[in-house]
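So, here's a batch of structures to check.
You will see two complexes here that share subunit A, one where it goes with subunit B and one where it goes with subunit C.
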Partner chain A sequence: MNAAVQQAVAEIRSAYSGHQVDVAPDGQDGAFVKVHDLPLGSQYAPERSWVAFRITFQYPFADVYPHYCLPNLVRKDKGALCSAFSQKTCPGPGDPEPATMVSRRSNQLNPTTDTAALKLAKVLDWMSSQ
Partner chain B sequence: MKKFTFRIASPLFSRLQSHLFPGDGDEHGAVIAVGVSKSSRETRLLAREVFIARDSVDYVASKRGYRALSSDFVVRISDYCARQGLGYFAVHCHGGRDSVGFSPVDLASHARGYPALLDILSGEPVGALVFAENAVAGKVWTARGVFDLDHLVVVGTNVRRLHPFVPSSMPSSSPLYHRQSLMFGDAGQELLGKAKIGIIGLGGAGSLINEWLARVGVGEIVAVDFEKAEPTNHSRLVGATLWDAQFFLSSQRWPALQKLGRLLANHKVKIAHRVARQANPHMRYHAVVGDVTLREIAMLLKDVDYLFLCADTAQSRLVFNALVHQYQIPGMQVGSKVPVDKASGEVGEVFAVTRPVLPYVNGGCLLCNGLIPTDRLQQEALSEKERKAQAYVEDAQVSAPSVITLNAVACAEAANEFLLGYLGLLHENQQPGYRMQYSRDRDWQRVLLRSDPGCLHCGNGSVSVCARGDMVALPCRSGQTTLGGT
Partner chain C sequence: MPNKNQTKPGHGADVAEPTPNCRHASKWVAILNDRLLPMPRQVVQAKDIKHEAGIGTGFTLLRDHNSPHDVMFVDDETVDLALGNVFRVIPACEAAPTQPCREPAKLAFSMDDAWKLTINPDHTCESLRHLFGLSDDVELFRDFMSPQDEPVCDTDRIRFADGPVFRAERRKVTVKVNKNEVTFAKRRVTGAEIKTTAAKQGVTIPEHGVLYAMTPAGQKPIPDQETVTLKECDEFRCVTADDNS
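After this line comes the complex of A and B, so read on.
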């Protein structure tokens, strides 16, 4: 992992200090990150999940997206998930595992302020608002 | 012994010159904080910041000479340089024009002060520059000894070079370059012969620029590309033969023979090497088979004098932009685009574009101008398998329309701007900005530049990589490469 990715991981560990954070090198100086037991929102089943994502080697210039959570995520009200959600496999250090992909691209990313930790918080906030 | 050279962006140089030569004929002072770039070719001192020494406050009467930087000023700026990991160069001016040198008083002051400054800066170089009109001399103090500065390069739309004295005569150019030397002059032709130029991407655009640079007499080219020739490149790849693309195997219906064809096909940089050698047998050529996003490859470009970007990935744009700013190398991004509606086949606004990128705020930074999409950076880092797993990502293997004549429009504009700017022949009041030709309208348009002073590449802030040289890492990954002939 390069210095920028290491710093991003440290910021995630700090911002989510009560949560287990798994980190594995992606083989290109980036990292696969999985933060456990995060609240997705009471409208979802399950309400909590791990959230995984990849920080690539050109971070902070490269966006951090998409994010992944438990597979087969549904709304408790039986409503359909919006088009940002889809069922895919989550890349990681081992075999890809089934997951719900949440695609939230940052159209106005500012590499000086938009960190991977902030992006995760924004994704969780967006999910809870849906 | 490798030579030491100094590079300074034209806005910083203008600010320094305005202070040193306000028209009063008096002596003035300043300090330049520098990053360092070391290569087998030379050690470059990269001007990052200029600290103006205010007359009678920071630049005061001296007991041993006429004037000197005040001790408070020296302590403050050297402390800043030490904290930032930058070198320290004191600057003053003498009268006269076209030649300059240090006085015995100057040299004595170096001997008194610079050993201690070297200790404070923990290994970064210290030294001094003395300017006259159209001349500069320098002394570089390092832990290995004291060295003369070879020359100073002002990096701007026009590249300007200053020496301790103006060379009196140049050898006559080869008859091979007679007609163009009537425009460039023997001195200009000599500059081209000493120039080391980088080209990222040796496909449809890069192969054109490669041949033209070789033909005009550029002395050294570093060509970087990892791709092999394919039959679909043949209509655009300068110098390519059907054999290079193994057309007879690649066009067979059997997948095994197609695969063999791809395996045996020639790398684009090897074709470019062959073309360049035919045009200029005496040039030095580095055919680098590899990806510029690999750190080892990108570092091969850090000591070029000019850099062309002819590859169209967001990743290569980011590395190019970092090289330009971090190592103070003037650059040019070249491309053309033919948008075609997939459903109807309708041809959209066809354009060719040249984007000069110079290493300072408002110099054309690709980040500031929104030309490095952050989502594409992320997508291009994925393997083909991972891209397919995400499914919604556009397949990078899908061929985009491309035509050699459209490439040539952008390349000719870029190569001309390089030649004129590198040899100092552009008008100083020429309009800045990118240039786009909308071919279907037969219309050239200028694109005004945007800039962000807080940019991590071109900005003035403490976190910017501008002129940091070897101190910070390029936005690259680790990996291996293959080097070609020289």
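After this line comes the complex of A and C, so read on.
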């Protein structure tokens, strides 16, 4: 992992210090990150999940997205999930695992202020607001 | 002519002060013969007030009401400063019972060791500033018995019974927004005000940006309409909202 990716990982560990954080090099100076037991929102089943994502070697000049959580995420009210959600496989250090992909892109990325930790917070806040 | 003390008996000087919302105890002061005296707590004994002013047993303490019939205290009687903290003394030989006092007690608010009298126990920030001749760019803090004094919001109701001791500070506070220093003229601001103030001071703020407070516990979103109390060294990030992809 290059220095910028290491810094991103350190910030995630600090911001989510009460959560297990799994980190593995992606073999290209980036990292696969999985943060456990995060709140998705009371409208979902399950309400809590791990969330995984990849920080590429181009960070902070590349966006951190998409994010992945437990497969087959549903709404408790049986309503449909919006177009940002889809069932995919989550890349990681091992074999890809089934997951619900949440694809939220930062179209006006600012590498001086946008961090991987902030991006995760934004995704979680967006999910809980749906 | 002085009136016999009408306060409730039974509360000694050692009773712990109730603190609303588990805050630290407020500081208290008394005025005796036009001198400002720090008091150890809200409820004290009459002799404690005289002792602080260097007045001996040959004098009787009276609470100063807006009336010729002030309330008299013997030395061992408890005095609740929340009922009035302005006093005078008379020679003990002149003390005699009189008719009950129906007028409000004089109340002394203290601001940075200056004091002003009022008979109104309820104030606002604006009225308290006017009482002390302070301008609007001064922020008021209620003075607690702790290093952390509490800023008084412009919309707060200021009750004398919650503690009459205040201090004033110029409102300016400097925080970081997107790693840039931004100075605010007041401490209680909304998320929207943080963004607009930062933008006016040259910080690049994305349109419809999402504001986060960077705290040791992680990032906390600050919606536009949410009010926060700024402290020096607070840090915020305003980042672009995301789109579905």
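Criterion: the second predicted complex is superposed on the first by the 130 of 130 C-alpha atoms of A that agree within 3 Å, B and C clash if a C-alpha of one lies under 4 Å from a C-alpha of the other, contacts with A are read in each partner's own complex, and residues count from 1 in each chain.
One rule holds in what follows: contacts are C-beta pairs under 8 Å (C-beta built on N, C-alpha and C of every residue); 3 or more make two chains touch, one makes a residue touch a chain.
Fair warning: this is a prediction, and the values are worked out from it, not measured in the lab.
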| field | Fit or clash between subunit C and subunit B when superposed on subunit A | value | fit
| said: Going by the contact rule set out at the top, does A:G41 touch subunit B (first), subunit C (second), both, or neither? | reply: neither
| message | Looking at A:P71 after the superposition, I want to know if it touches subunit B, subunit C, both of them or none. Which is it: first, second, both, neither? | response | neither
| request: Please work out whether A:D125 is in contact with subunit B alone, subunit C alone, both, or neither, and reply first, second, both or neither. | output: second
| task | Would you sort A:A3 into first (subunit B), second (subunit C), both or neither based on which partner it touches? | result | first
| Who does A:T112 touch here: subunit B (first), subunit C (second), both, or neither? | both
| query | Between subunit B (first) and subunit C (second), which, if any, makes contact with A:G30: first, second, both or neither? | reply | first
| Of the two partner chains, subunit B (first) and subunit C (second), which one does A:S103 touch, if any: first, second, both, or neither? | both
| query | Once both structures are overlaid, what angle do subunit B and subunit C make about subunit A, taking C-alpha centres and a multiple of 10 degrees? | reply | 100
| task | Using the touch definition from the top, say if A:Y16 reaches subunit B (first), subunit C (second), both or neither. | result | second
| subunit B and subunit C, closest CA-CA distance after overlay, in Å? | 8
| query | Is there a shared patch on subunit A that both subunit B and subunit C touch, and which residues make it up? | reply | 65-66, 103, 105-106, 109, 112
| task | Could you pull out which subunit A residues touch subunit C in their complex? | result | 14-17, 65-66, 82-84, 103-110, 112-115, 117-119, 121-123, 125-126
| Partner subunit A, residues of subunit C touching it in the complex | 178-179, 204, 206, 210, 212, 216-219, 221, 237-245
| field | subunit B to subunit A touching residues, read off their complex | value | 293, 315, 318, 367, 372, 374-375, 377-378, 381-382, 386, 389-392, 454, 456, 463, 473, 475-478
| query | Which of the residues in subunit A end up touching subunit B in this complex? | reply | 2-3, 28-30, 54, 56-58, 60-66, 86, 88-89, 91, 96, 101, 103, 105-106, 109, 111-112
